[in-house]
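Right after this note come the structures.
Common to both upcoming complexes is chain A, partnered first by chain B, then by chain C.
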Partner chain A sequence: MMSLIGRGTIVIALRDLQRFWKYRWWLAGLISMNLTDLFIFALIFNNIVNRSYIPDYFRFIAPGIAAIAIFASAFSIGREVGVEVRRQYTQYLLTLPITRLQLAAGRIIGGSVRGLIYQIPFIALLFIIEGVPPSWKIPYLLATSVLLTIAMSGLSITISTAVRSFDLQATMRSFTYFLLFFFSNVFYPDKLIREYLPYPLYQLMVNNPVSLAAGVYRWVFTDNLFVDIDPQLSIIKIAVISVVITLIGGKLYLRNLTS
Partner chain B sequence: MMTIATVYRPTSGDIYVFGRSVTTHGDEVRRYIGIAFQEPKALWVDKVHELLMWHARVVGYSKQRAREVVKDVMETLGIWEYRNKMISELSGGNKKKVELAKVFIQRPKLAIFDEPTAQLDVVTKHMVWNMIKELRKAGSTIIVATNDMSEAEQLSDRIAIIYKGRLKAVGTPEYLKDTIPGGDIIEVMFEGSISTPLLETLSRELQARKINKDTNVIKIYVNKGEEKLAKAIDIFTRNNIKIRKILMKEPTLDDVFFYYTGATLEATQ
Partner chain C sequence: MGNPDSLLGAMRQLYLVILWDIRKIARYRFFLLMRFSWFIIQVSIFAVLISSLVAVRRGFTEFNYYQFYLFGVYTSILFSIALFRGYEIAEEFEEGIIEYQLSLPIKRKILAIGRSIGGGIASFIYTLPMFAFVVFMLGVYNVVAILISMFGALLFSIGVVGLAASIVLFAKSGDVTDILFGIIDALLLRLSTIFYPAVVLSVFQPYYYAAIVNPLSHITDLIRVFFFFEDFRYITISDPLSMAMYILGFSIGLSSLTILLIEKKVEGGGWK
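Let's look at the complex of A and B:
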């Protein structure tokens, strides 16, 4: 464990955070865009959707957008890893006096922290809209955010190193992004998905890590107004997904970079 | 070199760095090595000073010590004035210096340089050579990959000639020169063309060990060249081949390369 969270892991993660800071204006633009999305969706859909399904669309979608934000930001590390592979910068990283495990862990931790930082304005917005949740729910909020960012960083890094072709990488990353984005319960409640889609597809959608996280956020901020979930079970599911993706991702990252 | 640096795994066999296998003890091997790549490895958003500071920190310097060493190396290489520039704003030569700076900052036990002076001006080239020699004096083992034979001669105790992925010869510069059969080279620049029978005549009458022929230059590897020079002129004259220039010389490392690889300019063209 010590070698995993060693000096090497910290310097690699810090480098990713420094780079994240370099893109701060771009990020500010992205956050504004996501927030605008939130308001536009809420404004349009609030008067379209059936109130029996969603009593208040703005309050429904805001936690979902927070999940999307964390997912989108953590996912951005994959794009950078892709650029590094393409420009052969990874060759330099591979020669540094740190273990491979520290390198992979550093990238995943760096990506995860970036996701958490990016999520702050969205969580702050939820605090403003819904008020501060009870303190015993805060650990659920934090655990969900941390696990989701780890899973998404691992996933995007895996995709970026799984294939050599940059075009194919970008296509796969976009495909996964849209799959996780739209095949989730961020925009539609579970009940509606269950009514209109075949059961296997419904299962896939509600067990998508973004959906699980959105469910927990909704529960943290709005109790059972929109969801009827077991938050502990949801967090366990995200944890399992996170561990599996991280292990596979880390292994593939190292195998593909050195093969 | 990428395999020594543990970037790629060997497809077969193994490499040992200070007794440690790159396959099974890569983590340990990386503690000993530092590499300056042929193409500078940096992202366009990196600023020169922060890139080198990060490198110094990752190779183990304290923050204070890193500041001192980085400044020192950057000043020596003449890139301190560009410290706040982004890598993408630098000229090719300065990018190369940044790449070299990584190894001079690190001072590893095994320093690997891939084409260290490509893109550098003459003054900087000699300065980099001196820095590499200094590193060697301080106890580092140096591996240099180069196409420049004068660079190989300047920097190397041992030279390995690799051509088209195959090891052709290895030894000290003196040893490699001595192993060229014939010892002397008669180099003739001529006008016109040389026929195969004439080549055979030259080979037979001069008792040449080897002949390399390019479009208008021929190199004849012989023993006791001074005795055969006159005979060579005679053969050319008899065959109505106009000699533009003829000289006899000891082999250079370029000659060693041509000899061991069998490469000719004609074949390359």
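Let's look at the complex of A and C:
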């Protein structure tokens, strides 16, 4: 355990965090992309949505956007790792006096912290749009964000190191994004998914980590206006998914580094 | 290649450049599979669920949202695939293929037109299975509508490839390309009539005006009226002739911009 969370891990995570600011324009672009979903799509769509399903589509979608926003930022680490693999910069990283396990752990932690920092403006936006939640719900919000960023960071590293070419990495990234986005309850309520899709597909969609996180955020900010969930169970599910993805991501990262 | 200054020589050069882009189609099986899967998810999950969420209000003429959105999802995927050619050009820059092409005894003007047309045709071919799927889902087998829609889609695709190439050649940076494409994709898709009819957009004037100048609105609504003239003619962004002219102008304009950039600005190296 000590070798995993050793100095090497912290150095790599801090390095990734410092490099985060290098991509400020890229981040500004990412934020604008997420905001278009909220301030263009949701705002316009609010005028044609059936109120019996969703009383206020703008307020409904905002927590979902905050959840998917983590993906975009956590994926910045995957993008960077992808560039390193393509340009064989990884050879240099492998020569550093740290264990490979520490290297992988540092990358995942660095990516997770990036995701959390990126999510702050979106959470602030939720406070403005939905109002300030009761203080006893804040730990649920934090736990969900931390666990989701770890999962997304691991996932992004796995995907970005799996393929080498720039265009394939971009394809994989956007495909995963759309898969997580459309196969979730970000755009539509659970009730509607249950009504229109087969049960196994419904289960798959509501147990997608983005759906679980969006559900907890909705519960934190709007009680049961849009959702009827058990927040503790949702957080446990996100934790299990995060552990599995992180283990797989770390293992694949190490394998792809040397292959 | 024959005498490059003769018309025949120039045409042959153009043909070869176009062919170069089209021949690469077979290399992108994985890319196509991903895009097709994305399309199927859009049509079978997102479109079904979002259609059941929509309730027509404010006295609009009643329309079938699923049918309406099917055309939207097709043009959005055509746009994304055509824009993706930019990533490919960026990759070519990184690998030195652009420098190689610039060194060939081919006029830059022909190279620019050839890359736009070749990329446009290739992108259009990529989307043909999706187009066929949409036609099958709608059950409308009007040959005239199918043919002119395909021609419109092809022109649009050429224009978007011109746009993508211009951005890449101007930016000469993988990072800038990546982020610019992301922003353009996000903004143009949402500020268009892909998801919502123009009349709904008119509630927000700035969004409505943005949609009016957005080529995606024009191509999507144009294809809609080709197939369902009576159902959609009242909710399009403009009249069919204006929309067709807009797409033609868009295609010619962006291809011309690519020519200008390649002829006047592009030099080898300097890729960041």
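By definition in this document, the second predicted complex is superposed on the first by the 248 of 259 C-alpha atoms of A that agree within 3 Å, B and C clash if a C-alpha of one lies under 4 Å from a C-alpha of the other, contacts with A are read in each partner's own complex, and residues count from 1 in each chain.
Going forward, contacts are C-beta pairs under 8 Å (C-beta built on N, C-alpha and C of every residue); 3 or more make two chains touch, one makes a residue touch a chain.
Note that the coordinates shown come from a computational prediction; the quantities given were computed from them, not determined experimentally.
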A:Asn224 in the overlay: touching chain B, chain C, both, or neither? Say first, second, both or neither. neither
In the superposed arrangement, does A:Ser135 touch chain B (first), chain C (second), both or neither? neither
Is A:Phe178 in contact with chain B, with chain C, with both, or with neither (first, second, both, neither)? second
Once the structures are superposed on A, label A:Asn50 by its partner contacts, choosing first (chain B), second (chain C), both or neither. second
Could you figure out whether chain B or chain C reaches more residues of chain A? C
When the two structures are overlaid on chain A, which partner does A:Trp25 contact: first (chain B), second (chain C), both, or neither? second
So in the superposed three-chain picture, is A:Ile193 touching just chain B, just chain C, both, or none of them (first/second/both/neither)? second
Let me check the overlay on chain A: which residues of chain A are in contact with chain B and also with chain C? 83
Can you name the residues of chain B that touch chain A in the complex? 2, 5-9, 26-27, 30-31, 33-35, 37, 39, 41-43, 45, 50, 54, 57-60
Can you tell me which positions in chain A touch chain C when the two form their complex? 23, 25-26, 29-30, 32-33, 36-37, 40-41, 43-45, 47-51, 53-54, 79, 83, 165-168, 170-172, 174-175, 178-179, 182-183, 187-188, 192-193, 195-197, 201
Applying the document's contact rule, which stretches of chain A touch chain B when the two form their complex? 8, 11-12, 15, 18-19, 22, 83-84, 87-89, 91-92, 94-100, 258-259
Would you mind writing out the residues of chain C in touch with chain A in their complex? 30-31, 34-35, 37-38, 41-42, 45-46, 48-50, 52-58, 80, 84, 87-88, 90-91, 94, 174-176, 178-180, 182-183, 185-187, 190-191, 195-196, 200-201, 203-204, 207
